[in-house]
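Look for chain A in each of the two complexes below; its partner is chain B in the first and chain C in the second.
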Partner chain A sequence: MKAISLIAVLLAGIALVYTTSDFPAWGDPESPASLHVSNLYIEQSYEKTHTPNVVTSVLADFRGFDTMFETIVVFTAAMACFFILRRSREECVLEHYYYRHIATGLVVRMPGACATPTQGAFEQIDSDWTPQDIVVSTVCRLLIPFMQIYAFYVLAHGHYSPGGGFQAGVVMAASYLLLALSHDLRFVIARFSERLMHILAAAGVTIYVGTGFIALTTGANFLDYGGLAGLLRMPLASGHSLGILLVETGVALTVCSALIMIFKLVSSQGTINEGL
Partner chain B sequence: MIIDIVVITFVVMGLVLFSVGTLGILRLPDAYTRMHAAGKLDTLGSICLLFGLALWQGRHFDLAHLIVAAKILLILVFVSFASPTATHDMVDAGMRAGIIPWRKGDKRR
Partner chain C sequence: MHYQILVLLPLLFAAFFAAISPWLGRRLEFPAAVLALGVSLWSAIQVLLQTLAHGPVTYLLGGWSPPWGIAFVADTFSAAMLCLMSGMALLNLLANREQIEREFPEKTHVFYTLYLLTTAGHLGILSTGDIFNLYVLIEVAALSGYALLSWGGARAQLASLNYLLIGSTGASFYLFGIGYLYVKTGSLNMADVASILSTMGGTPALAGAFAIIMLGLWVKMALFPFHGWLPGAYSQSTNVSAALLAPMTTKVMAYVVVRMLITVFPTDFVASMPELSTIAVWLASAAIVVGALAALAQRDLRRMLCFILVAEVGYMAGGAFIGNRTAMTGTMLHIIADALMTLTLFMAVSNIVSKRGSPAFGDLKGLFRSMPFTMAAFVLGAMSMIGVPPLCGFFSKWYLVSGSMQAGQYVFAGALILSSLINVILFFRIFEICFFEGGQEHGSHEHGHHEESVMDEVHWTRLVPLAAAALILIAVGLSTGYIVDRVIAAALTGSIA
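Now for the complex of A and B:
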């Protein structure tokens, strides 16, 4: 069996290497990829969009609609996850929950108690709770602030460097996932509630589409950020970078909250109560 | 000239450490020993590699290059915190899940 799979892998590898001989040469101006619009993107990117980075100008200007609908797809995925996975608050998944008396450390088992409000002297703990691992939680406490600053850095430099909204949102979401891994799920929900997540996910899409409509009101095309410059009486380049910053902020908000939402729902079997 | 040799030494050292780490992941008998190889050698390998690259950037000694070198050193600090912690956490999770460590004479897992 091993020999057969080795031969199969070798044959597939040879076939792949063989097909590369049909590819156009590296940097060939006659290759199909560089015949259509890419020349226009490269030659006229700066004077048409006033963005110093071609990747961003393609992402946010030439293919603004594409990016907008990508953001809407992310939002839709989060919503689909929510509607399919989320259970009602009254429904019990486990038959019992555990509560710890904070002062004495005694653990109480509550059979049939669904998501009893935790307040006062008791705090809810996970059913497979073990004492907090100090190495992981300390290192996470050290690293998470820097991760979040880095997310904002990536977001704010969106129009200068490749990347921007999607990457910033993912880094931001990763910092919250790290918090969930190093503490527990409720710890994150206390800081980033479900309601806030939904509002931010919707707000991100609204900011993106709204930026497009603001440009429309000044007589420019939909998502033509030059319109913002006319509205605020600023140079065209500043209008463009402001528009891209707004759009990237919208993307980052949607991506960040959608990722956290999907993580919470999947890891807690839809209860947002106890997971991992 | 000297700095070239130092940079090449660091980068080659990093690459050798990465290869040995990969060899360890492939050849060692169970999850804990593999984690040991991956955690230790990948951390030291990335430290060597990134330090070599930072030196290569710092050889010009003007502001633009030094900023890039400082950024690479920041990545180095991040990796040297994050990588051992990730290894520790995975080994910890394995212990909590009840995976028994491999002993001499046991079958390879």
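Now for the complex of A and C:
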């Protein structure tokens, strides 16, 4: 069976190499791919969408419907992870859980209790807890605000720079992951709860689909940001520009919260309790 | 009007709503999902009425005309498929509310989210007129499908992982082929690609593109020998997910194959590569025989249906590649018929499992007595699968057989008839177990049998959707003439001689 597979792979490879000989030369300005549709994008995207970055205008305007579903793919991935991995609150993974008495600093070991009733006086610590490295936590504390501002910058300047919603969401999520790495998972959850993550992930895709839907209610087609322009009495091109910014914001929200959600679920074996 | 996009939008909004519904205080997921599927079905019916009255309709997303933007195009066939798929998702959801709440404690909201998203993805595949957009929608449909199928029996996660690996490979092949097409034509819109290809003539790169796209789609539709993922994925998962995805995924992918053959690639292009068509018809014949024989070896009702499904995929693929109008009509009719038959049978099995605990043959004894209504629907589905007139399975097989005879593909016709005969054996064996074994002999040594002879039918909320599915089988069978004349012939205009 293995030999047959190997032969099949080899034959398919030879066929692929043979078919590529029929391709136009790399970067050939006369090839169909650079003559047909792309010309309109390059020549007219600025006047039609008021967006200097052609990539952004193609991504979020001309082919915004694809991007909408790509965002929904990210959302689906987060929901699928939750559906498969999330354990119920009562289910504990480890044999022992450690709690520190806040007033005295004493640590107690609780067999098979992942949520103590005395949360007020005790705080949970990771079972493999070691003292924080001061260099790591200080550097992260300095770095994270800049990362988050940079994320907003990437989002807001998606029109001008090679950036946009996906990148902004990833940078924002990375800042939270850095927080989790330099402190612990509960430290992040206290600032960005599971409920908030779900709401933001759903809000992001709703903003995207909703922007398209608002255009629909003004009589324009779905995702036609011209409808937005009519609604706000602004020039057509500004409406497109605003529409792109709106949907990119939705993308950023969904990508950011979905990434953090997946990270939390995978790193804590589905308990969202401890682990990294 | 905006009906084409309104097929998708309610599903998306309801899915996003369901994801956060536990935190809104009250659990409105189920009504929201039913309402969304209802609006979706209603919009799909409007699209169908429009296409029947005025021919194909196009909807420009973002208002950009193709090839610059993305367009939704509906002809009579895709509109009919839209009605069928949204209706099936609605029936299956209505039937399974109580089971969903039992099987996914604390996770019902995400189940509804994934259910609606996978339905939206499949409906989008049927709607779109853009080959890249189709790939994106395959991703949405497949990703949520993998998650839905990963719940269930002990081996469900492994089977779903297997499906994920194979399915992703298939989708990547499709994307790879789209890349080939884009390099050669510079366009992604189906109609635009078709018009460019018709002036281009066959070249090695296009032949490569066609072969890769077909390979990818064959993997996704589980054509033998790429069917390995199907029996595990659908027989290990929970009944709700299996009854949604078994009628949906393979049929929608078969629809994409048909769409590629009749819309994207010029007809003489396929005829110019007889080798590939021959390979496809041989694979299809092999799929039919292998599926039917493997089904004979099963001792579990659900696994048996899964292997019958593998054979059914062979019918659809073979008919599509035979290359004449009759066979293509048969394929399109069979996509509709098989979706309905699979839905009926899987929903009936779901009812049986909910009462008997397992679909193993040993647990089916005395079913005709204890669950007469479920079994009546099951018999209708089975008869349709065998091909008994006036049920819809008969007419599609008739077109397929006459099409293959016209084309001289006697092997395919033979395989088709052989598998129908094997289906007779398969289903009559089930009927025998359900009717004669157990229940009758009151003095049986095995205890528990006299209880089974008492009627023990599922709740009416499960029976009514099942009955609706079974009656649609008859209705579609009786209106075959209308469907062929108005729906399928209109979609095939000018594409195949």
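Just so it is clear, the second predicted complex is superposed on the first by the 246 of 276 C-alpha atoms of A that agree within 3 Å, B and C clash if a C-alpha of one lies under 4 Å from a C-alpha of the other, contacts with A are read in each partner's own complex, and residues count from 1 in each chain.
By definition in this document, a contact is a pair of C-beta atoms (placed from the backbone, for glycine too) under 8 Å apart; a residue touches a chain by one contact, two chains touch by 3 or more.
Everything numeric here is computed off the predicted structure, so don't read it as measured data.
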More chain A residues in contact - chain B or chain C: C
Which of chain B and chain C A:Val205 touches, first, second, both or neither: second
Partner chain in contact with A:Val135 - chain B first, chain C second, else both or neither: first
Touched partner set for A:Ser193, first chain B, second chain C, both or neither: neither
Partner chain in contact with A:Ile84 - chain B first, chain C second, else both or neither: second
Chain B versus chain C as contact partner of A:Ser127, first or second or both or neither: neither
Shared chain A surface residues [contacts with chain B and with chain C]: none
Contact footprint of chain A on chain B as seen in their complex: 78, 81-82, 85, 88-89, 92, 96
Chain C contact footprint on chain A (complex, rising order): 15-16, 18-24, 31-38, 40-41, 61-66, 69-70, 72-73, 75-77, 79-80, 82-84, 86, 88, 195, 198-199, 201-202, 205-206, 209, 213, 216, 220-226
Contact set on chain C toward chain A in their complex: 2, 5, 9, 12-13, 16-17, 19-20, 23, 59-64, 67-70, 105-107, 110-111, 113-114, 117, 121, 124, 132-133, 136-137, 139-140, 143-144, 146-147, 150-151, 157, 180, 182-188, 196, 203-209, 211
Chain A residues touching chain B - in the complex, by the definition given at the top: 130, 133, 135-136, 139-140, 142-143, 146, 181
